[in-house]
Structures are given as structure tokens and as C-alpha cells.
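Before I ask anything, let me first share the structure, which is written out below as C-alpha cells.
As written, the chain order gives the labels A, B, C and D, with residue 1 at the start of each chain.
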Amino acid sequence: MISVGILGAAGYTGGELIRLLLNHPEVEIAFANSESNAGNKVYDVHEGLLGDTELEFTSEMPFDKVDVVFFCFGHGKSEAFLKEHTIPASVKIIDLAQDFRIKGDHDYVYGLPEIHREEIAKCQHLANPGCFATCIQEGLLPLAKAGLLTHDIAVNAITGSTGAGQKPGATTHFSWRNNNFSVYKLFTHQHLHEICQTLNELRPSSAPRAIDTLDEGYEGDGITVDFIPYRGDFARGIFCTEVVTLDKPKTAEEIAQLYKDFYRDAAFTHYSDSALDLKQVVNTNKALVHTEVFGRKVVVTSIIDNLLKGAVGQAVQNMNIMFGLDEKAGLNLKASAF
Amino acid sequence: MISVGILGAAGYTGGELIRLLLNHPEVEIAFANSESNAGNKVYDVHEGLLGDTELEFTSEMPFDKVDVVFFCFGHGKSEAFLKEHTIPASVKIIDLAQDFRIKGDHDYVYGLPEIHREEIAKCQHLANPGCFATCIQEGLLPLAKAGLLTHDIAVNAITGSTGAGQKPGATTHFSWRNNNFSVYKLFTHQHLHEICQTLNELRPSSAPRAIDTLDEGYEGDGITVDFIPYRGDFARGIFCTEVVTLDKPKTAEEIAQLYKDFYRDAAFTHYSDSALDLKQVVNTNKALVHTEVFGRKVVVTSIIDNLLKGAVGQAVQNMNIMFGLDEKAGLNLKASAF
Amino acid sequence: MISVGILGAAGYTGGELIRLLLNHPEVEIAFANSESNAGNKVYDVHEGLLGDTELEFTSEMPFDKVDVVFFCFGHGKSEAFLKEHTIPASVKIIDLAQDFRIKGDHDYVYGLPEIHREEIAKCQHLANPGCFATCIQEGLLPLAKAGLLTHDIAVNAITGSTGAGQKPGATTHFSWRNNNFSVYKLFTHQHLHEICQTLNELRPSSAPRAIDTLDEGYEGDGITVDFIPYRGDFARGIFCTEVVTLDKPKTAEEIAQLYKDFYRDAAFTHYSDSALDLKQVVNTNKALVHTEVFGRKVVVTSIIDNLLKGAVGQAVQNMNIMFGLDEKAGLNLKASAF
Amino acid sequence: MISVGILGAAGYTGGELIRLLLNHPEVEIAFANSESNAGNKVYDVHEGLLGDTELEFTSEMPFDKVDVVFFCFGHGKSEAFLKEHTIPASVKIIDLAQDFRIKGDHDYVYGLPEIHREEIAKCQHLANPGCFATCIQEGLLPLAKAGLLTHDIAVNAITGSTGAGQKPGATTHFSWRNNNFSVYKLFTHQHLHEICQTLNELRPSSAPRAIDTLDEGYEGDGITVDFIPYRGDFARGIFCTEVVTLDKPKTAEEIAQLYKDFYRDAAFTHYSDSALDLKQVVNTNKALVHTEVFGRKVVVTSIIDNLLKGAVGQAVQNMNIMFGLDEKAGLNLKASAF
């Protein structure tokens, strides 16, 4: 059994992780840390756990008792936490925040199993991808690898409210969000960093560079990911369309085959021959992708559950790979469907 | 033209009042007071006003320039406000909070037009009924008047999220409330005070007293209103059922006729021969009631829009009566229907 | 491994059953029958199965290859089907329709495990309880057993849209139901039959009989279940309140203890010390109950997922008991929570 | 008073039209035709009319008694109807279907007041624009007129369920659509016809032609409108983004000024300096537009209520213009806001 510690266990991702791990056949939860909830039952905070566990939040962090620790902090806190605390080198870390997703002066592997399974299997420290970033990348990876991203890419992605976290605010107020729709961080969402990093890592030298417009300004040489994030009036899931312009037309069959080949061995990403709807993936760890072709334009649809494949589901998938378990262990989830 | 001042203009009821009054043919808004939003356009805060008005919030309260002032404060603040400020005796006050709904050492008339139209027409100060209280009373008034409330009354009322106001919190968080359902203040909702006050005012001496269980404890002599408030996952509206047990059976026709007679002259309350659904009243000032009879049990359904007939719509209706205008002026609203 | 056949596999309950059984460790699906979908993949019809199975619907019914068959027909079709088809005596039948829930000239056991576990374990044919009936009974069983149901019971139950099945209609049209609320089958819902059957089975002779008002008219001698079903604007779940009047007051602790004792050994029914909200059970097989006491009135809240504990989850629970498996096998579901 | 006849009065647009016209100060409804509902009250079919009118549907069509008739048929039926019936030349026709939106062998004027007010004022027959088409055009008109549409345009538009009409079906089933999201008619929506017609009508000769990809195939010479329609899980409204690539950068101020100038005299279209959310226009006849600029890319957001500015609200606006009334008569609607 793998012994797991959870930091930030009282937030949305913390709760979803506990819900997953309680049913994971190879895992036991050693501690679920939450300063402000210490002593309370986890079911006092997290929906759906009453009757499943008597686990309590703790203010302690006994790192010597665990094989792996999950960081379910808000963004920016992981790095700060590590400056103030020492985690034994033998303990693996899976960070769900964005602190170590961009390569730099650290040894965190970017945990997108569809392209990095081998590095993940060997790594000690893992940076789990962002929710939007996961969904958009799942839609673009095969084209990127094939060098077909040669023009600016039009990306639209609609997210559920859980993407905004547990703290209530104006844009997650039910009275406002119910039956509403809006955009935010137009062309400037922070996930553009990790998306561009991956596209540039995969691209053959023949294809242009993806410009990280957040870092470099808009006028560089290369292609841009024109990403419009929308707030949807649902709780779970991300629905993306990515419109790609090819240099010369390809048939619908060629494009579909490219995706099927690319994802042949993926544990959770599947190509669909028919059009998608979001609830196909809600409450599962799956990513589904579908393509249609109009002349030189390829329209990709990609969907995930933002809390699962977009966060803790993928984190557990990565944990499974890191510990040599069945990649799907604990992740055979019943879709909610309705 | 009637000149109107609004206090608490940046909240939900303040916004709905502005939306109503901008289209009222006999009204001009003299000021919309909000300390924290002073200088901002009202459309910066309130949905749906962009393009309709350039009105700005003000921190001032020029009571000498108005004929009537609406208190759109939270509960308890009206009384406190009046201790600290002087409003000229010539200025009428319509208070949307609960501070003066219970008779006492004040001259506020309880503004339920279906039973108090004459007092309202003559009053200078008016306490506007609560949202739940309005809906439940509309369902019970004809039976109360007829002395048919002789056993405990089972009341269920589901409210939309706007009833909880503008401040975001755990139970109005979209991620939680969406597709969810819950109860609160079981048998102890504060509107029981005003409901019991009305039932006892209307009852013939032959009928038992309604016990205000909040004030007097549960064991008194009389009947109780067993009120379960539910939180629904919609934004606007209140849907109530009231189950009344008669001493001896009456026919469905007798009960229906009782309601039709009672509401014959009501401007906004109508009896429906068919079963109701909430969206029949959403975005209108109407109350609809319907009854079915099973042996000695009468099941009443009553519905309103909590922000309109349950709050500012009724307040404007009361204003119309107080100023001798057409009771429906400014209140011929297009139902949203969807 | 238990070999399972499914009839009516293309409907909502058929789909949910497939989703459950694909992850059940002791089951293999031998066939999923649907005349009209024969030859199609089950994922063409049922959300969330793409990537999980290549199972196809079949028009065949090879009963000789199965240990148990699930009837996922609409109500009334099970009995008709059995008149036209012969199922080997060795094959167990679990009927999700209402055809055999009322005792009569048949050998079907009413499958409510919280009171019938032993009969279920021995039975060959099982009638799975209705969704409303399950939720309401879970709320009333301890009081019924203790002889505390001595006055009419006020029951309110709000159901999600999946309770109305797959066929689209006026009251399941999104444009109508979204943000709407309504009642139906007031005091006359067909589940009253099975609820009264159980209450009368459990009651000690000191307590009055529950009148089945559907069969016997309203004026009989005994107590009635005054059941108001509501249509909620969510997809999954049933939220009930049951208001019971006692002959003499009991403390909140006494009532809570009664429930805790009654459900001590229940696999999926749990008493909650705090107030409930529906999403605690959505996408799980759990029933949660909570009680509050006001003088002589006990207010019970009970919640389930209508497709799981209210239908196929309970059916699988019953299958587990019938085959001597762990009662929870295949039913450790991750709550969707959001 | 203008006397109005309505054909197809029992559908969604028919109902919304009745709701509008009942409050229109210059209109009386002469007849509301619906064969299948003849003799029924309009409030039996249309939400929100109980208590407002005793009007009944009729199977008759007394064209000699009306000044104008509204066609609220499904698409394709208007033309068929006119072949089988004779409407006096003196009676104006406002057709809400798409039958006469494209110029051809008929005298219908395309009723987009923001560009055709003068032709509308003089016309006898009017083709009311489509809902998506209205919203997208409101977003693009100023750029089209200025000759700034010189590259393919990326358009995303999310529609509420009422856009799919009254007939229930798989994609409007509440159980499916609730909390779901999907695309349809990718790059092939029929409104592309009227959008391209307008863009080509407005463009200066210096700008390229918009290719109607539905008619001409994808490989023509000119620019394309790459339109992805999405199904949102709300009932009312359309939310669009239009991404336009300029030949050379313009400042945000220049673009904003272009829009403000263009819509200076528009009765219902307003430029917003802040980002938009859909509920700003729900239950109003307004269109709001907002722009942001990133290098050579302009991102436009445009929003309308699909049943009002996208259908009957605009139809009444056109009627007002055709009869020389105040363009806003009967259209000063209270936004539902929640």
C-alpha cells in the first residue's frame, strides 16, 4: 500500500482527491492536512463522504509516514511552502498548482501522461498540468507532433464553476451565474505558458514556434494560441474547440487517423467518431477528442472533467505511473451521465 | 410625477426597484443612495441597466426633494437608520425590511394589498411584507377569513437564491447550489411572526388562534403553521404548498369558489383552475393560487416572484395605492417565461 | 463471475446499470437487449461509456447463458413480457418496474434491504422498490417499526428529471423545466401502494393502519401518507421531508438514537447529525437521513440518488445479496459532489 | 391603434409576441391563429399570461381586420403559406422565418434596423433576421463598414435552448442538456447566408468579399466566417465572440470609438466599456457589444436575448418603424437580471 499525505485537503481538489483515494485499491491516506479544519471530520466539509470514512483533518504533517504528498494549495503557495518546510527526499511530491509547470531551476516533471509517461515513471517530483491546459493540449498534441500547427490557433474553452475554487465571489454567486455566460482573461490566461511550452517541445523544426504572448508580447515571429476562456453555468467540466488552419487541405479521414494513432495507447484519452457533449466525461478521468475538417480548417473538440483529468484524476494517474501501478487503478469511475 | 429616493440602492432589491421605476410613468428617481458605490453608474452594479439610464449612485440623501423614500436595507437596519436620521414628516416611507411588520409602538401599516388596501391608501409609513410571508399568506387568506383554519397547517416553500441577497456565501455558491436542494430554518423561519399576525387578524372568533411558535413555544393552545423553507436551485421565485385539514369535507368547487370570490378585485392575485408552475409568475408582480381537495384535506399551491410580489413589486404596488395612482402603474411586466 | 442479462438496456436505468456493472468485480454482462438499437454500440446511446466498452446492443435474449436478468422496462411491461416469454427457473429475475411490488399471486420479494435482507438473500425473483418509495421509506422505517406513526404524515418529495425517463415531453423540456418548479400527482402518486404496504408490515398492533388512499378512498380508519411530489430543476436525486406528529413529545436525542440503532447495520443508509443537502448522495448508492424535533412534531429529511439507491444501485445491492456477494461490491462510487 | 394578426401563435415566438403586444400602447391583437389550439385560452399554452388576458386562439385568419400580420411559423412554411393563401396588399407582413431573408425574386426588406432603418420605414413586407445572425452582425457591422474585415473571422456563439423551439427532442431534454454543453452545425449553420449577404453589402470595394461557404464551397476567393454554434445550458440568450485579424494594428480606443460612432443612434444597441455577461440583456430587446484589442487581433463580444432582439422584439421594433411609431414603443422591458 502507498501511504499518502494531502496538503490543502479542505479545498475542492483536496476533497476530490480524498473521494478518489478512499476507493483506490493500493492507497491509504496517512493524513489530510488543513489548519483551519483540524479535528473536523472530512465529511463535514466535503460532499458525499458521510458514511464512507471517519477520517479527520489534521494540522500535522508527518512526512516521515508517507510515500507521496499531494499539494492541493492555491497557485503560488507550493513554492512558498517548500521554502519553509523540509520534505524528505524519499517522499514523492505531486503539485497541483502551477508553480513548477514551466521548466526552470527545479526537477519537477510536467505530468501530461500522453506525452511524458516515461519521465513521469522515473520522476520524484511532478507538476500536474492545469485544467484548461490539459484540455487544450489533448486537442492539439497530434497536430503539434505532426508539424501541422503553422498558423494562429483559435481556441475557445468553457469551464465549469468548480474551476474557480471554493471561495465564494461575485462570479460564482449562484444568482449571477445561473443561466448566465461570460468571458474572462481574454487572450491572457496564465495556462498559455504551459500550452506553448508543450507545443514548442513537440514541434518538428519545420514548424513555426508558438509564441508565448504573455511573456513576449504579441509581435514576435511564430504562431499564437488565441485563447478565449468562458465561464459556463455548470459545475464540472471543460469544453474546448480548437480551430487550426493547415497549409494545405487534408481529408477528414487523415486527420481522424492521426488522432487515433497518437492516442492508441493512452489510458484515458479517446478519439470519438461522433460529435461530443460535455457530460460524456463528467465524473470520469477521460479526455475525449473529435475532429471535423472544412477545407484547410480543422475543428477539434476536446472535453474533460476539470476536477479529474483536469486536476486530481490526472494527479492520481500520475501517481499510479510514478509507483508502477496500473495506470487506471482507482480511476474506473462511473460517469455521472446526468 | 412622484419623486422617489432609494436607500440601500446597490443591493438586489435596490436594483430591482430601479429597474421598475425607470419604466414607471408617474415616477422620477431623485436619488439612489449607496455610500460604497457613490459616483458609480447604477449600470456598473445592476444587470440590465446599461443603455437605459446614466443615473449614478450618490452618498447623499436629499429628503427634502422626495415624496417617498424606499428602505432597501438589510433587516434590522431600518430602525437603526431612523434613530440616526430625520426624515421629514411629509415624506412617505416604504420599508422593505422586517423591522416594522409586527404591530407595536409605531405607525407602519402592513402592506398586503389583498387585505389592507384601505389602510395602505391612507398611510404615511408602510412595512412591506416578507417574500415567504407574502406567498404563504396569498395561499391561506381565503381559508383564514372563512374560519377554515382549524388544524395545524403543513407549509412547504421553495425559494430561489436571490432571496438570500447579494453577499456571496456557502449556500449561494454556484458550485454548491447548482443541481442541489436543501432545507433551512426548519419550523423556525422569522416570517412566521407576520404570517401568524395576519391569520389571527382575519380569523373569526369561532376559529382557533394561530400560535406564533417562535414567540411562545410549541405547546400553546391553538394551531401551528409548520413551515419548511427549502433552498431551490433557481434564481427567482417562491413555490409554496399549504396543506390544510378541514373539520368536515368541502367540495373542490366550494374551495375554488371561495378563492375566486376572495381575489375577485385583487390587482395581481389570480386563481388558476389548472396546476401551477413557477415560471408563470417569474418576472411579474403576480401571485397565482390553485387548490385541490382530497377528503378533508385542501392542498393549496401559491407562487410569486420573490423580488417582485415578494419585495419591490409589491412595494411599488403599495406606493401606487398610497399616492392614488393606478394600482398596476409600472407593473405591467412581461413575464420572462423561460 | 455472475453472468448478467439486461432487458430494456437502452433506457435510463439500462444505461446506469451498464455503467455500474462494467466496474463490478464479480459480474460480466452477457447481453444488453434493445430491439431498436440492436447492433449499435452501447456508447452510442449511453453517456460516458465511450472508451470503456465495445459492448453492443442485441435483439437476442439468450437466457440460458445468464445467472440473472434485470428488467429495465417501463412499468407494466414486465408482467406482459413474462406472459410471452419463458425464463428458465434457474435464472434469477430483478424487476425494476412496479409490476410485482405489491404482494399477490407471485413469488417476488420486495427488495428493500434495510428490512428484507434475509428474504432477499433467499429469493429467486425480486421486485425492486420505486425511487420515491425508497426515499420516503428510508425516512419512515424506524418510526414505523417503533409504532410512532399514529397521525397523518405530511410528505414532500422533490425529484430530478431523470425520474421521468428518457422520452422527451413537455415537463422535461429544458426550456420549460430549467429554473422552474411544479407539483404533480398530488396525494395520488402510485408509490403510495408500496409505502403503505411496508408501513403496515412493520407497524406493531398498537399503531393504526396506514390507509392506501389510492385503493380505498380517503375516509377509512387509520392514518394517511399525504404525499406531494414535486418536479425539481435538477437531473438526479430525490429530496424528501416527512413530518410526523407523535402522541407525546420525545427528545431530539431519543429520535436520533432510534434512527442510529435502526440503521446500524445498513450498508448504504446513514444517519446524519447535521442538516442534509441533496448532492451528498448524488452519484452514490447511499441514503442519508436526518431528524429534528419540535414539540410533538418530528421532521425527517431523507435523500437518495433516484437512479442509484432509487433504482439500479439498489438493484445491484439486491443482486449482491441474492448471490452472497459483499453487499457493497461494485457500489463504492465516487460522489459527483458538484 | 394598429390591429395585429398572428399566425403560428402557439409556438415560442408566437407566445413571446403576445406577451409583448399585450403591453404595447399602440397595438391591439385582432387574432392569434393556431389550428390545433383553437378555442383554448392563450394562457393555457403560454407561461405568464394568466390574469393578463382572456384572449383565445382561433383557427380563423380574418386578414381584412388587420394592419399587419406576423408569421411565427417554422422555417420554410412562410413561403408555402403564401402560395396557398392571399393576404390583401394593404396588410403588412413581418416574417420571422428565414424564407425571405436572402434577396431574390420578392420585395421583403431584411429587417436589421441598425443598417436598414430607412428601407424598413418604407417597406410593406419584412424578413426579420435570424437570432444568431442578429447577434453576430451586431458584433461585426462597424468593422465591415470600415473595411476592416480582411481576414477569416473566428465566430463562436452559444445559444439558449429556446432557440431550438417548442417541440421536445433529444438535445432539449432537460436530463441531457442540464449542466451539459455541445456544438452543432459546425461551420455550416444556415445563418451564414444572411450574415455574408450583409457583410458584402456593407464592405467598401477595397475589402475582400465574404464567401458564403454554404453556397460556394470553401475554396473561393475572399474571407470566411468560421462560425461554431454551441448549445448552452440556459434558456434565453446568445453570447458571441468574434475574433477579427486586422491588416495593421489599431488601438483599443480607435476600435471602441468606431463602435460608439456606428451605434450612436441605435435604439437598442449599445457599446459597453466593460466586459459583458449574458444576463445584461436577458428579457430585453437590447444588443450589447464590447471590444478588446491584442496586437492585430480584435476580440468582439456581442450579446442579445434570442427571443427578443433575436426574434420578436426585433420584429416589434421593425413594426414600430414601419408604422412610424416610437421605435421603442412596447419594448421598454424590465431585464430579468436573475
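We adopt the following convention: a contact is a pair of C-beta atoms (placed from the backbone, for glycine too) under 8 Å apart; a residue touches a chain by one contact, two chains touch by 3 or more.
What you are looking at is a predicted structure, and each value in this text was computed from that prediction instead of being measured.
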Pair with more cross-chain C-beta pairs in contact, given A-D and A-B: A-D
Farthest-lying chain, centroid of Cα atoms versus that of subunit D: C
Cα-centroid distance, subunit A relative to subunit B, in whole angstrom: 46
Between subunit B and subunit D, centroid-to-centroid distance (C-alpha), Å: 36
Cα-centroid distance, subunit A relative to subunit D, in whole angstrom: 39
Subunit A: positions in contact with at least two other chains: 12, 47, 160-162, 175-176, 178-179, 233-236, 277, 279, 282, 338
Touching residues (chain side subunit D, partner subunit C) in the complex: 12, 47, 160-162, 164, 166, 168-170, 172-179, 233-235
Residues of subunit B touching subunit C in the complex: 152, 154, 156, 158, 175-176, 178-184, 186-187, 213, 217-219, 226, 228, 230, 232-237, 239, 241, 243, 245, 275-279, 282, 292, 294-297, 299, 301, 338
Subunit A - residues contacting subunit C, complex: 12, 15-16, 19-20, 23, 44, 46-51, 160-162, 178-179, 235-236, 268, 270, 272, 274, 277, 279-284, 286, 288, 307, 332-338
